[in-house]
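Quick one: the structure is below, questions incoming.
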Amino acid sequence: MRTVIAIILSIVAFNCQAQNATEIVRKMDDKMRGKSSQAELAIKTVRPNWSREMLVKTWMKEGHYAMILIQAPAKEKGIVYLKRKKEVWNWIPALERSIKLPPSMMTNSWMGTDFTNDDLVKESSAVDDYNHKIIKDTFIDKRDCYIIEFLPKTNTAVVWGKILVAIDKKDFIELYSEFYDEEGKLINVMIAHDIRMMDGRLIPTHIEMIPVDKKGQKTEIFYKTILFNRNIEDNFFTMERMKQLN
Amino acid sequence: MILKISWRNIWRNKMRSLVIMLSVAIGLFAGIMVLAIYKGMMRSRIKTVIYAEAGHLQIHDTSFKKDYEPIFTIRRGTSIANEIQGYPEIKTVATRSVTMGMLSTTTGSAGIQINGVIPEKEMLVSQLDQKIREGTGFTVNKHHEVLIGKKLANKLKLKTGNKLVLTCTDVSNNIISSAFRVAAIYESDNAPLDEKNVYIRQAELNEMIGTGNEIHEIVIILNKDEALGAAEKKLRDQYKGCLIENWKTISPETDLMVDTVDITSYIIMAIILFALAFGIINTMLMGILERTKEIGMMMALGMNRAKLFILILMETLFLTITGAPVGLLLGWAVTSYYKTHGINWSNKGKEMMSSFGFNTTIYPEFPDEKLAMTILFVVLTAMISCIYPAIKALKLKPVDALRK
Amino acid sequence: MFILKLAWKNLWRNRIRSAITMAAIFFAVLLSVLTSSLKNGIFDNLINNLVSLYSGYIQIHKKGYWDDQLLDNALQTSASTEKKALSNTNVANISARLESFALASTGEITKGCRVIGINPPEENKITLLSSKLVQGKYLGKNDNGILVAEGFLKRVKLHINDTLILLGQGYHGSTAAGKYPIKGVIHFGLADLNDNLIYMPLLLAQDMYGAQNMATGYALSLRRVNELELTAKSIRSALGDEFEVMTWKDMMPDIKQHISTDTQSMLVVQAILYLLISFGIFGTLLMMMAERKYELGMLVAIGMKKSRLAWLLLLESVMTVLLGCIAGIASSIPVVYYFNRYPIRITGDMAKAYEQFGFEAIFPTSLSPSNFISQGFIVLLIGLTLSLYPVYTVWKLNPVEAMKK
């Protein structure tokens, strides 16, 4: 009888723990995303023989809507990307035309970065597409962290086999992530630096995405400013507004 | 009377007769071999294109091929497929759902064509199961399995059992993604096609793109290659709203090659007949030269020119008739031997070729449908070629001919 | 020396007989040269047609471009690279290209297409692009317009002189975009090309893609196509490791496969022709020997040594064969040349596939000297081998039997 109780207790404990992990991930997700956000950031693409930096301004809402305005370099200044649900539109001021990106373009890299156009559209969610489990605790830069293992739920459209994420216990900041393929090979590493207070939230302002087996290649994002949960009307994310952003 | 003389003449100089007989035999043999090799080549080429890639005929919606939009399904596609399955000239019918999409893995992505197939049917039209180099193919009770080409697998470093994500747009232009597991890696003779095509179960693709039970492509294999034209016309008349194409339109480069070989072999056939004619002319001419005295004698004894002409013609005819079956038999024997064993031109060349996955062995096939024509040509050539020596003989003056 | 003279005289003694034997050789050479040069000519022509569609015989890229065809793998155009390639005497023309993917948009319709920046006059020497023009004008070097393939134009529902918007990814991640007037419409027989291609002057393409002085590769045309591999090899070593030099065989392995199986089969067909030829020559020799049996028997009977007689006959045959061969090669030259200038032309149903590709259904002969030499040599060998037959007859000759008639 005792053993039965012990088993039941351990199952309950396990469930609590699992929910706990998912809860942590949800908090982490909320932290960076909020209900809406407006940010100015620099994106640096580093390649073995060249590198390139872009300044962009972004508006995002609820994961469905996004607007990205390119401010530099000069040649691309004024280009706007608008994401509405699963569509991406591209406004090019020099041509005075907006173009809907067809599916065939989705595999192409977005503005030459390590992201594809598809990454903009994809709504794969850190919360819903994975099962989470706390596997251990650790310290990163003197911050007490959980290491949470993300395993994709069956039949979700996720390429990864496993993701290990280090999340700050107190502030729920994603500090460090490792992306593995199904055979357990490490593919990408994401490192967060420069944790600072921005608009009342403690967030990493410098994020590095490094493909492990591509030497000398990475993409870096620097947040200059960010505002959370300011009201943005749905009709901000329209093609008319896209043309008037400049 | 003339018949008798000519028959006797044949046996009088056995050597000469044998030479002409053999010329005819070899000429016919050569003709048969050329046609057999050509037919074998056609067959093997058509085999790869028809039975491993395109099928004899394909049916699409008229708009489908312009942009491969999932919305352009064949109207009443499934029922058309069921209807034509009953046609006597049609052997197998398979349906496919087709859409353009992309495949992504942890390390990269590629644009591809996603083919939604019914595995049991697909096996019969494109022998997909036989092209598998790694893995087992679709397994019953397993879901979300994908077959990818070897070239693509190498490029994206995929192995069987790996997971990948397929992305495409559905009928209302929404982007849809779904995860699949590599069930097998296949390889055909056509590497560029392998790189572009992946296969998943039809029901799963239809669910992704929201086409229900609709399909985009019907692939048809006929019972006989020869029935293509008639079958194509019949389907065209029957299903006016659909685009019906044969393998030649689907794979124009194969058609181009077949066409080139076709025409080349006709030209070479003509040259071979010419060579045959020349051999016969030569031998007959020598024969007449040799028999100058005899011919002179016959003319002196009062045989008229017409009769002499017929005599020589008759002789040739007899020789041809005896020679032809020999050539025929020889041709038949050789082709049926090589039909199973194959002509392998050079071992060294083959090794080099097979490392590229190419098949260079030729399997000739007895050209039964062109047999009558070939025999006719060879006999006709023999008859025509004896005319010149006969005329030469007629020009002999009995007096000159006797004096020697 | 005496035998040589005797043999020569013998040839002239029975002129008709010698002429017939010689004619057998003569026609053998003529026919096999014709077959071989037709076979080679037809396939050369086909390859020429196919490579002129698009690829050119040889292409030079930056190492790794072919496996990963990205703009970032483009090479720097330079006069010295071009000079190095052109210094190979077999290279006729060289033309730089900048190829990439782009979206072409009219506003309502957006389709993917392949954009090729070309050096208009040079490109024309390699792919005869201007001959594919069905509407409008060919490009000039500094034009700011584009040529659009007919099928693609239909897909985006535009017409000549309309403006097309191109949008794509430029060099090193920049955005490539531009508005271009459609200056001309080109037609390709192959749907794959006809539905996808857009040509623009190289300078314009470099500007759009932000790839100044860059090209994804060079396309080359050759003077002597049968030296393909050799030329590729020498260019490879001249340019060094930074580049990859590819022949059409590397770039179109499926066509190469088709052609190599076809050539193999044609070799078998040619072997059959040799069989027929050998038999024709043998028949003639057989008849000749039968006819001369009496004469030879007499010679042996009056005391001529068999070995001498054998030499005599051998010399006679060799002379006949040689003369026949020389005459055959000499007269095959104008015949082959004629069929090269005025090739066999096929029309109607037979030529459908050619028409579909937009090729002329002509079947020319190849003028390559190797056809004449190799075929002449093969027939010479056959002839010489068969010349052993008279020697053999003499050896076996029984003078009494031979003179009995």
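Letters are used for the chains, namely A, B and C, taken in the order the chains are written, and counting of residues starts over at 1 for each.
What we mean here is this: a residue touches a chain if its C-beta (ideal position, glycine included) is under 8 Å from a C-beta of that chain, and two chains touch if they have at least 3 such contacts.
Small disclaimer: the values here were computed from a predicted structure and weren't measured.
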Reference chain C; chain at largest CA-centroid distance: A
A-B against A-C, pair bridged by the larger set of C-beta contacts: A-B
Euclidean distance of C-alpha centroids - chain B vs chain C, Å: 23
Separation of mean Cα positions, chain C and chain A [Å, integer]: 57
Junction residues of chain C, two or more chains touched: 111
Contacts with 2+ other chains: residues of chain A: 104
Touching residues (chain side chain B, partner chain A) in the complex: 100-102, 104-107, 109-111, 143-144, 161-165, 167-169, 173-175, 177-179
Contact set on chain A toward chain B in their complex: 85-87, 103-104, 106-107, 116, 118, 121-122, 124, 152, 155-161, 179, 181-183, 187-188, 211, 213
Contact footprint of chain A on chain C as seen in their complex: 72, 101, 103, 105, 107, 110-112, 165, 167, 169, 172-175, 177-179, 210
Touching residues on chain C, where the partner in the complex is chain B: 16-17, 20, 23-24, 27-28, 31, 34-35, 38-39, 42-43, 46, 67, 111, 155, 189-191, 195, 253-255, 257-262, 264-269, 272-273, 275-277, 279-280, 282-284, 286-288, 290-291, 344, 346, 350-354, 356-357, 359, 363
Contact set on chain B toward chain C in their complex: 13, 15-16, 19-20, 22-23, 26-27, 30, 33-34, 37-38, 40-41, 44-45, 66-67, 155, 189-192, 248-249, 252-265, 267-268, 271-272, 274-276, 278-279, 282-283, 285-287, 289-290, 343, 345, 349, 353, 356, 358-360, 362
